[in-house]
Every structure is written in structure tokens, then in C-alpha cells.
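Quick one: the structure is below, questions incoming.
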Amino acid sequence: MEKQTTLSAKQRLIRSSSKNPGETRGKILVSLCALIIIIATLSITLFLAIKGLQSFIVNGLNPLEFLFSSEWNPTSSDPQYGALPFILGSLAVTLLSALIAGPLGIGCAIFMTEISTSIGKKVLQPVIELLVGIPSVVYGFIGLTVLVPFIRNTFSGSATGFSLLTGTIVLSVMILPTVTTIATDAMSSLPNSLREGSLALGATRWQTIKKVLIPAALPSLMTAIVLGMARAFGEALAVQMVIGNVRDLPGSLLDPSATLTTIITLNMGYTTYGSVDNNTLWSMGLILLIISFIFILIIRYLSARRKI
Amino acid sequence: MGMLKEKVDKSKQKTSDKKEEKDQSELILRVNDLSIYYGSNQAVKNISFDIEKNSITALIGPSGCGKSTFLRSVNRMNDLIPISHNQGEIIYEDLNILDKNIDVIALRKEIGMVFQKPNPFPKSIYNNITHALRFYGIKGKKRLDAIVEESLRKAALWDEVKDRLDQSAFALSGGQQQRLCIARTLAMQPNILLLDEPASALDPVSNAKIEELIFELKKDYTIVIVTHNMQQASRVSDKTAFFLNGRIVEYDDTETIFTNPSVKETEDYISGRFG
Amino acid sequence: MNSKVADRIATGVFIAIATIIVLVLIGLFSFILFRGVPQISWDFITTTSSTVREGGGIRDQLFNSFYILFITMLITVPLGVLGGVYMAEYAKPGKITNFIRSCIELLASLPSIVVGMFGLLIFVNSTGWGYTIIGGALALTIFNIPVMVRVSEDAIRSVPNVQKEASLALGINHWHTIKTVILPSAFPGILTGAILASGRVFGEAAALLFTAGLSTPRLDYMNWNPFSTTSPLNIFRPAETLSVHIWAVNTNGIMPDVEAIADGSSAILVLSVLFFNLTARFVGSAVHRKITASK
């Protein structure tokens, strides 16, 4: 390697674009990838917004009626497009499955971090990872073959077994690993001094968990539940297979019902692209998109309040 | 060991002949009123001093006194810390190397750096040395082989590793790893070597070897070394700068600093009263 | 005394919860495997499916699943790794980086049915391709890209900083340092993440319903010309994957052996995903050992 003593320091050391070609190319390459991510996100938002608003702009549907009417009769001579039953159905399965999976997931996280870390690591950790791996259609399939007949035979209120309750249970199992994983991370990132301080004051383990650890980890635990809810809200096929897909508001947990995602799944293939019926499905898609935004905002709000 | 040294000396001799013609006391680095900040915290405060060509300058002082920060600014490694910025200048061959228009890549090639903890790449011994050569477009097995051998000889590592050049660098001992790091820097033919406590993470035997090596390297390179080890500073260096709280309290010939310091803090520090 | 009783009860409750979860998993797995594995036979894997008659297999669905996965990863891995390099090495803290992070976050939280709708709009209708493998793969790319970017960014960030410093201090530029030092060190992490992501992509169905479709044309596995309509390699043909097949068979299936097909398909799907997860673990630790090993 020859010394470039023939070149002056200026020639050697002043920056010029010709000296560093690989760097520029690399920078352009990675920036391009970042740009693709931005373009993908913006075009999803933009195209789904345009397409989702068409039923109101082109077909002249009343947005308020779409959101707040419970009459869904697209095929009658005087078609009505009230999506309220599906919006409520989506919210119901989301909240109910969070009510089941939340306590179970957080309880499991507490078991893994506070009661027995060794069983947690050796048994529960792999169990949770396996549960994450099961595809959602398989959850739906098991719900359909096990849960639906079980509910039909157990509860006299359910004629078919397809019900809000069935959908809720399937979703609860599905989001349980999500909730548990994040809750476990939250609990295990609590400083040990919190536990020791409380135990040293003579508090029992349960008092420590209830009075010290859970309050300290609360924003993260809430994040765990919200992320689980976001997953439940967006799930389509597993719910569609077990919920019954009727267009009426459910009167009880045992009534069949429908959600935004299940109606989209069912009807997208059976409606003509560009028709009113089809456009209302895109409006429902837009609602799904907006609610995803809201979930992100909630998660951001929670992580800003995180103390740990 | 004696044979090894002889070999090293010989290979040294060839290159140092070329440099002989240059003035021995030529200045290679001139630091003018340099201040370095991390955010709002000023780590180096208005220091000014000169470093002679082919000399060893030791930077001593208690932890956090700014000596490593200064060292990392000489080859612009501080650029990696986004919150760092600086004022003043470091003149190297008539150029202020802190200028925006300096090509830091070319600069780092001429001003090499060896870090406190040995940090070889997870590659073979051979590839650790050729890694940077390949980037500079040096090809051909013969040519690479020659540079690998020369650099390893200069770093006094050749005899220990010549039969296992394709083994992982991680298989070497800590001291050998550090000499490999020195060898791969030497392969770039730098003008200045910056050593950031190069022996502090090593055992005493390796430490002594590195020290011996530094002394050898002086013939060909200008060396700036940060050290916590007073004996080391007094043994190897020509000049010593004592840093305290981001300032240079005293800068003089090493002998003067260690036998007859003019500032009381220097004396206190050297005699181990603080730091 | 009271508080001690409460403590005991609480501990019991937590143990009960943990037990329930383990039992649920055991129940799910034994259900799938005990019912499904007996259905799996060479015949089942190698014959085409039938819409009305008994004895249909899943040959095409299985091939489609792997082929779509392959195309998806072919697009996602370079895009995700380079995106991860951007986020970990080039992105400067500021508005643009925050915006990109928000984009990734949004993509990650999109319901997959919404991704499928976007795919229908762009890759099926706007392009005029109809239901195609490439449309499905592009939809799955949107679904998978946030995961790959995150995995790559994490793997790159966990490369020791001293490695990067060592390379830069030798006068090597940032890009070359990334290519020759950082990415090789991050490779095990990226590989493990990519295999895990493959499992997720393999099981995904909702994003494919409206993009790759619910049918498969007659395929001739001897035809390797990717531009021929009967070639399995043609990326402009519709392709029903295994996951979609399970859904379709359960919702609209009219063949007499619906249950057997669904059982067998689910077992194969779950076993495949399980295989991906185990491989990810194994490969991750093996490569890690190889790279850090001192010979």
C-alpha cells in the first residue's frame, strides 16, 4: 500500500463526492426502502379513505344513518344501510374478549414473574410461544368443531351454537398470548427494589403484587390489553367461522351476531365491485382503519404515562 | 524473544530510512483553543498544545478529565456521538481536521486508533487485517499476504500466529488480540496512532509486551497514548500532558513532568494523592 | 392472619390461571394432532382437491402456500433488512424518523383483512391482474414488512458498538462497515426473525382471500415455464393457500369428507408453523455459536 505522499493534505483530506461512491449508493438504497414504507402507509390510508367515502359521496348514503341505524336491508326494494349492529358486534367481541383475556393474561404474567419464574421459563414461556404460532383459521376451525356444538348442547338459549359468546371465547384464546407476553415484559422490567422494599416492610406477596407491583406496571399492563383488543378487533376469519353472521342486533350473549370484519369477509365476494352494496363494505373497512388509528393513539398515550 | 526483536527491528529499519530526511522536531498536530461539548456539558475546555512528529505523547489525568474525549476528536470518532460538537481547531498538515469539509474516512485512515478493549472483528486473523485493505481496493493474494505479514511483524505478533492465520481472532489471548488490533491499524500505514489506554484491560505480561511494542513503533509513527498507568507514561513517552477537569494543567517533557512538575496538582496526581 | 389467608388464596388463583393456560394449549394441540395426523397420508398431500367428491387432497394448496411464502420473503427480506439498516444506522432523531416509526406502527397494527382490501383495490383491480400469486405476495409484504424492519433494526442495534467503531476507525466508510461488519454480526438475529415471520405469513389467510383468491387452476408440475398458464411457477395465476383452504372448506365446503380434509389440513398447517418456530430457535442458536465460537 503506497503512501500518498505525492498528494497534498488538501487533495487527500477534503471531502469530495468522487471519493465515497459506495456510501452515497448505500444511503440512497436504504432511504428508498424507508420511502417505500412511507408510500405504502400513505397510499393505504389515502386509497381506503377515498374508496370508503364513496358510498356517502357517490351513492349519497347518509353517514349518520350508516353509523347509527340498525337496519341493514341491502336487498329490499327500499335498501337500508345501517351498520350499527356490526359496529356494536365488533366492539362487543373486542371488549368481552379483553375482559376474559386481560385478567388471565396478566395473572399468567404474574405467575411467571412473581410466583414461579422457573416453571414460567420452562413451561409457560414455550406454551405461550406455541399459542402465538397457531394460525387464526385454526382457532376458528377448532371453535367451529368443538365450541359451537358444545354451546348448542349446553345452553338452551342457543339454537345453533353460533353466538357472540362463541366468538368471544375464540378471540380470548387468540389474544391471550399477546396479552401475556407484553404483560410479562412489563412485570419483569419492574426493579427488584420495589419487591424487596415492600416485602421488607412485612407485606405479603399478594399485598406486594396488589399494592406495589400492579400499580407500578399499570400503564404497561393496559398497553398489553389494548394491543390484545386491537388484534381481536381486526380478526376476521376466526370470528366469521363461529359468530353466526346475522344482521340483527344480538339480544344476548347466546344470540348469533356479526362484526365489521365478518360482514366484509362474507360479502366482498358476493357483491359487484362499484355497487352501493360493495361500497358500504369499503366504508366498513375505513371504520376498521380509523379504529386502528385510535388504538395506536391509546397505546401512545399509555406509553407516555409509563413510569418504568 | 531476542530473535523476534531483531526481526522487528530490521523490518522497521527499511521504512524508517525514508523518513529520516524529515526534520525530527517537525510539528504534526497543533491544537488551538479546542473545546469539546457533549450537549451542554463541556468536556474539553480551551486546550492548546502541539505534538511533534515521531514522538510519543502521553495524556494522563483522572477519569473523566477529557483526555479520551480529546483523543477521539483527533480522528473524528466523536462524530458518532450525535450530541457532541466542538470549537477551536486541530491543525494537521495545514488543515483544520475539525472542519466540516474534511473527509473523515480518509482522515481516519491516516490517523489510526486502537481502543481500550481489544475489539477484533469476528473473522479470521488474516481477514482482520485485510478487512480495511479490501475496502481500499487492494487485491491480489501475494500483495495482501505481504501486508499481513509486515503488519503482524511490526505488531510483534507474526511468530505467534503465522501458522494459524485462518483461525478466528477470538481464539487469541487478550494481549494478542490487542496486538492484532494494532497490526490491522498499522496495515493502513497511518501517520499518527491514537492509543486509548491500550493495555489497561490486559494482564501484566501482555501489558509489558504492548509497552515494548509502542516504544518500537515510535520510529515510524507519531503516537498519542492515553493512560492511567503512571509508570507506563514515564517509561514510554517523550512528552506528557496532564489533564484535569477538561483543561491541560501542565504539558512538558515527560522527564520534567515526573521529576520536577511546576504545578502542584500535577505533583499530587503523579504521586498518587488523588485520581 | 387475614392477610396470610388472602395471600394463599391469591397464589392459588395465579396457579389456577397458569394451569388453565397450559391445559388450553394441551387441549388445542391434542385436538389438532389426534384428529388431524391420522388423515395425513401420501395420497392426501399429493392429490388435488375436489370440490364435490370425496378423497380430495391438498397438493396444490400446500405448494401455493410455500410458493407465496417464498415470493413474499423474496420481497420482504431485502426491503425489511434495508429498512432496518436505515432505522438503526442512518435515521437521525427528528420528525422524519418519528414519522417513519409511526408508519411502521400503523402497518403493524392494520387488521389483515384491511391489508387484503387494499390489495384487492390496487393489486387485483387497478392493475387488472385479477387474483394472483404476486398480488397475494405483495399484500403479505405489507403485512410482514413492519415485522422484518423491527427484527432487523433490533438485530443491528444489538451488534456491539465496538465492532462498528473498530471498522470506522480504520478509515472504512459507514456503508462498507454495515455490509462487512454489522450485517454479518446481525445475521443470526435477522435469520431467526425471518423464519419466525415466515410462520406468521404461512398461517395468514384473511389478507389472501381477496388477493390470491379461492381457487387454483389445473397445474402441470412438469411445466417449469413460469410464463405458462398451467405452470405452478406462474405468479400471475390465482392460488388458494392451505390456510385459505381450511377456511373455505369449513365455510362453503360441500364435499362429504369436509371434516377429514379440515382436520388433516389444520394438522399440516400447525405442524408447518411449529416447524418454522423450532427451526428459528435451532438456527438462531447454531449460527450464533458458529460466529462467536473460538476455534
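Think of it as A, B and C in the order they're written, each chain with its own count starting at 1.
Please note the rule applied: a residue touches a chain if its C-beta (ideal position, glycine included) is under 8 Å from a C-beta of that chain, and two chains touch if they have at least 3 such contacts.
By chain, with names taken from UniProt: A = Phosphate transport system permease protein; C = Phosphate transport system permease protein PstA.
Here the structure is a predicted model, which is why all the values come from computation and not from measurement.
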Fill in the blank from the handout: Comparing A-B with A-C, the busier interface by C-beta pairs is A-C
Fill in the blank from the handout: The chain whose mean C-alpha position lies nearest the overall protein Cα centroid is chain C
Problem - Distance between chain centroids, defined by C-alpha means - chain B, chain C (Å) - result: 49
Practice task
Measure off the straight-line distance from the CA centroid of chain A to the CA centroid of chain C, and report it in whole Å.
Solution key: 17
Practice task
Provide the C-alpha centroid distance between chain A and chain B, rounded to the nearest whole angstrom.
Solution key: 54
Fill in the blank from the handout: chain B residues touching 2+ other chains are 105-107, 110, 136, 188
Problem - For chain C, residues that touch 2 or more chains besides their own - result: 173, 176
Problem - Residues of chain A touching at least two other chains - result: 20
Completion exercise
chain B contacts chain C in the complex at 75, 77, 80, 82, 105-110, 112-113, 115, 117, 119-122, 131-132, 135-136, 167-168, 170-171, 181, 184-185, 188
Fill in the blank from the handout: Residue positions on chain A within touch of chain C in the complex are 20, 22-23, 25-27, 29-34, 36-38, 40-45, 47-48, 51, 103-104, 107-108, 110-112, 114-115, 119, 123-124, 127-131, 133-138, 140-142, 144-146, 173, 176, 180, 204-207, 209-210, 230, 233-237, 240-241, 261, 264-265, 268-269, 273, 282, 285, 288-289, 292-293, 295-296
Fill in the blank from the handout: Residue positions on chain A within touch of chain B in the complex are 1, 3, 9-10, 12-16, 19-20
Fill in the blank from the handout: Seen from chain C, its contact residues with chain B in the complex are 92-93, 160, 162-173, 176, 180-181, 184-185, 291-295
Exercise for the section: Flag every residue of chain C that touches chain A in the complex, lowest number first. Expected result: 3-4, 6-7, 9-11, 13-15, 17-18, 20-22, 24-25, 28-29, 31-32, 79, 82-83, 85-87, 89-91, 99-100, 102-107, 109-115, 117-118, 120-122, 125, 142, 145, 149, 173-176, 178-179, 199, 202-206, 209-210, 214, 243-244, 246-247, 250-251, 259, 262, 266, 269-270, 273-274, 276-277
